[in-house]
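Heads up, there are several structures right after this.
Look for chain A in each of the two complexes below; its partner is chain B in the first and chain C in the second.
Entry: the complex of A and B
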């Protein structure tokens, strides 16, 4: 089956799901794919602000499900890529506003028009997560090299497998190579040993991420920063290119002097 | 991890994190909280020692996780010699652990 619907989830909050969704969506669009990113976090929407599209929302996915607009009216076009759209969610409703069947129906509509539908799952394992999981063809679990997010990732991987969804792949986010080297932080190998799940990307901690969300411009749009490179590599792996997994390197003082971030 | 910690053979925090995770995930996956395992151990000791004498101090009850299946692994060293003739032992065919008492004979 063609893996069109990709759900980005994690269990634990604050590990970088929304940033990951925005950047992978944008990177796929820059590769010439027709992409929609869908905010799955009803009541706590943030994909719009991270992408800098918050001022353009008129309708959202709940309006569509409840028949107040057509799907096309709820889609916001991101002009920075040829074919990139945001489907925002409602800010003043709660998770019960949409059920998993409706989510599957929305995605079935989107499948007709788009190459990829990337869903930003809310944290937790309750209905919001079940909604995001229901239409998924592929699941990306984001984790940080830190005990609580790794433990939650294991729980989520178990739940995804018990729903017979998948394949499940792991994104290690915010890795700090220098601290791994000093054995102060779990390494990629440690996390692989513990979770025994395939890793699709390793995103290093990167100062450029905070300034990119400050501005509402995902790093893949204009960056040569380490995170931008990592996200572009993940997008290329998703479309089936063979991009070897590389370990982020520690940056030396002279690299920092030359300025690796914008 | 600084030089002194290394010199005194202190484990790195990343290593500790990995070991703690591996332990807690075994229990998470098996859906058995660690405290329940302690209760199971007490129950097993009570049941087995009705028939044979066992080395209570060295009973080990663990959950292992291999190939997505969880297993409860119990290791019960038996006490040998005349101590082994516990009440009501007749008919039992307990296999002796040779770990603690290699020359077991009654």
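Entry: the complex of A and C
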């Protein structure tokens, strides 16, 4: 089966799932794919804000599941890319408003129209997570280079495996090479020692993310910033291009030329 | 007669003996086992095999209550008696071991399972299921062999020995009636001799546990203590000596243990 439904999850909150979903979705759309990003966090929706599409929500996925609208009416087109859509969720309901079977059914509808369906999972391992996992063909686990985030990622990978979902791939988010060097932050190797899961991308800490999230413009739309480059690389790996994985460097080329380190 | 067996999905408690023996007598026997080995059962889920016995609804409810008092969940009851199986299903328990869908272990699903059908054991013991071909002696006579990484939140529980070929991550738990052998790095917690055997041992190629317990003796690393990789240049074995857990590097000296 073609891997169309990609679920972005992490266990722990605040590691960058929503930012990752928005940027990977946008980057895939910029590569010419027809993409929908789906907010899985019923009751605590954020994906619309990060995408800057908050004001355009009329119907949401819960309205569709409960028969108040057609799927097409709930989809919001993002005009910054040729074929990018947001399927928002309800802000006034909770996780029990949709069950895993309904989520599979929604995604089966979307599969007919779209090349990729990217689901932003809520934090935790309860029903919202199970909803997001149920239709997944591929699971991206986002972790930060710190112990508690890696521990939760390990738990989530175990659950994904026991559901026989996957493949699971890892995104290491917010890495600061200088702090890894000072051993204040886990290195890629430290993380791999525990998780031993294929890495699909390493996204460096990037000031551009904060302002872009607040403005509602994913960094991949206008950026040469380090995170934008990392997200575009992840999108290219997802469509099967062979993009070598590069470790973010602590020093620039001229510093190395002069033999200086930070 | 009560026998505790390891099963792919957790523990199976087999009640054998004369079918006309009152159920309460058997429950008392089970209670004695639960009281004698709380560390082994606590937090687990079990299935009953009552053979040809017929159990009333009251019998079943009493069984659930007894186990709940010991923080153990009853998720299935196997019986050759069709009327008993019907009562089992009516209480929302499974009447067979084969799961219809993978279980997920969350506190939520645990509590939900109390009032909806339990077709699967609601703990991660089931996680061992992901690689059924790699587990031998699934009938529970000798031990459990798991050839994969055991991840945070996963629990392997077996009345015999547990052998893991792979790392045991921080937050993972192994509970064995017999010995525990980790062909890899042990960073989680290990409880060997959990049915009272104080001769049980815990072996690991890289011994960095968060906690070890053998029978009733415990070991917790002191704050800041780091049992670093290959501290002694070899694998290590933990066992009880003078009521204390001691570690021995697997060198010539240790081989005298044989």
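List of remarks:
Following the convention adopted for this analysis, the second predicted complex is superposed on the first by the 250 of 262 C-alpha atoms of A that agree within 3 Å, B and C clash if a C-alpha of one lies under 4 Å from a C-alpha of the other, contacts with A are read in each partner's own complex, and residues count from 1 in each chain.
Convention: a residue touches a chain if its C-beta (ideal position, glycine included) is under 8 Å from a C-beta of that chain, and two chains touch if they have at least 3 such contacts.
No experiment lies behind these values; they were computed from the predicted model shown.
After superposition on chain A, the partners chain B and chain C collide with one another.
Residue contacts after overlaying the shared chain place A:194 against chain B and chain C alike. When the shared chain is aligned, chain C comes close enough to touch A:164, but chain B does not. By the touch criterion stated above, A:154 is placed in contact with chain B and with chain C alike. In the overlay built on the shared chain, the residue A:182 is in contact with chain B alone; chain C does not reach it. By the document's definition of touching, neither partner reaches A:99: not chain B, not chain C. Once chain A of one complex is fitted onto chain A of the other, the partner contacts of A:91 are absent, as it touches neither chain B nor chain C.
Residue contacts after overlaying the shared chain place A:125 against chain C, while chain B stays out of touching range.
The single stretch of chain C with clashing C-alpha atoms against chain B, selected from 24-32, 60-68, 132-140 or 168-176, is 168-176. Shared contact residues of chain A with chain B and chain C: 151, 154-155, 158, 194. Put simply, chain A touches chain B in their complex at residues 146-147, 150-151, 154-155, 158, 180, 182-187, 190, 193-194.
Put simply, chain C touches chain A in their complex at residues 102-106, 108, 124, 126-127, 129-130, 149, 151-154, 167, 169-171. Of all residues in chain B, those touching chain A in their complex are 1, 12-15, 17-18, 20-22, 24-25, 28-29.
Residue ranges on chain A touching chain C, taken from their complex, read 125-127, 130, 151-152, 154-155, 157-159, 161-164, 194, 196.
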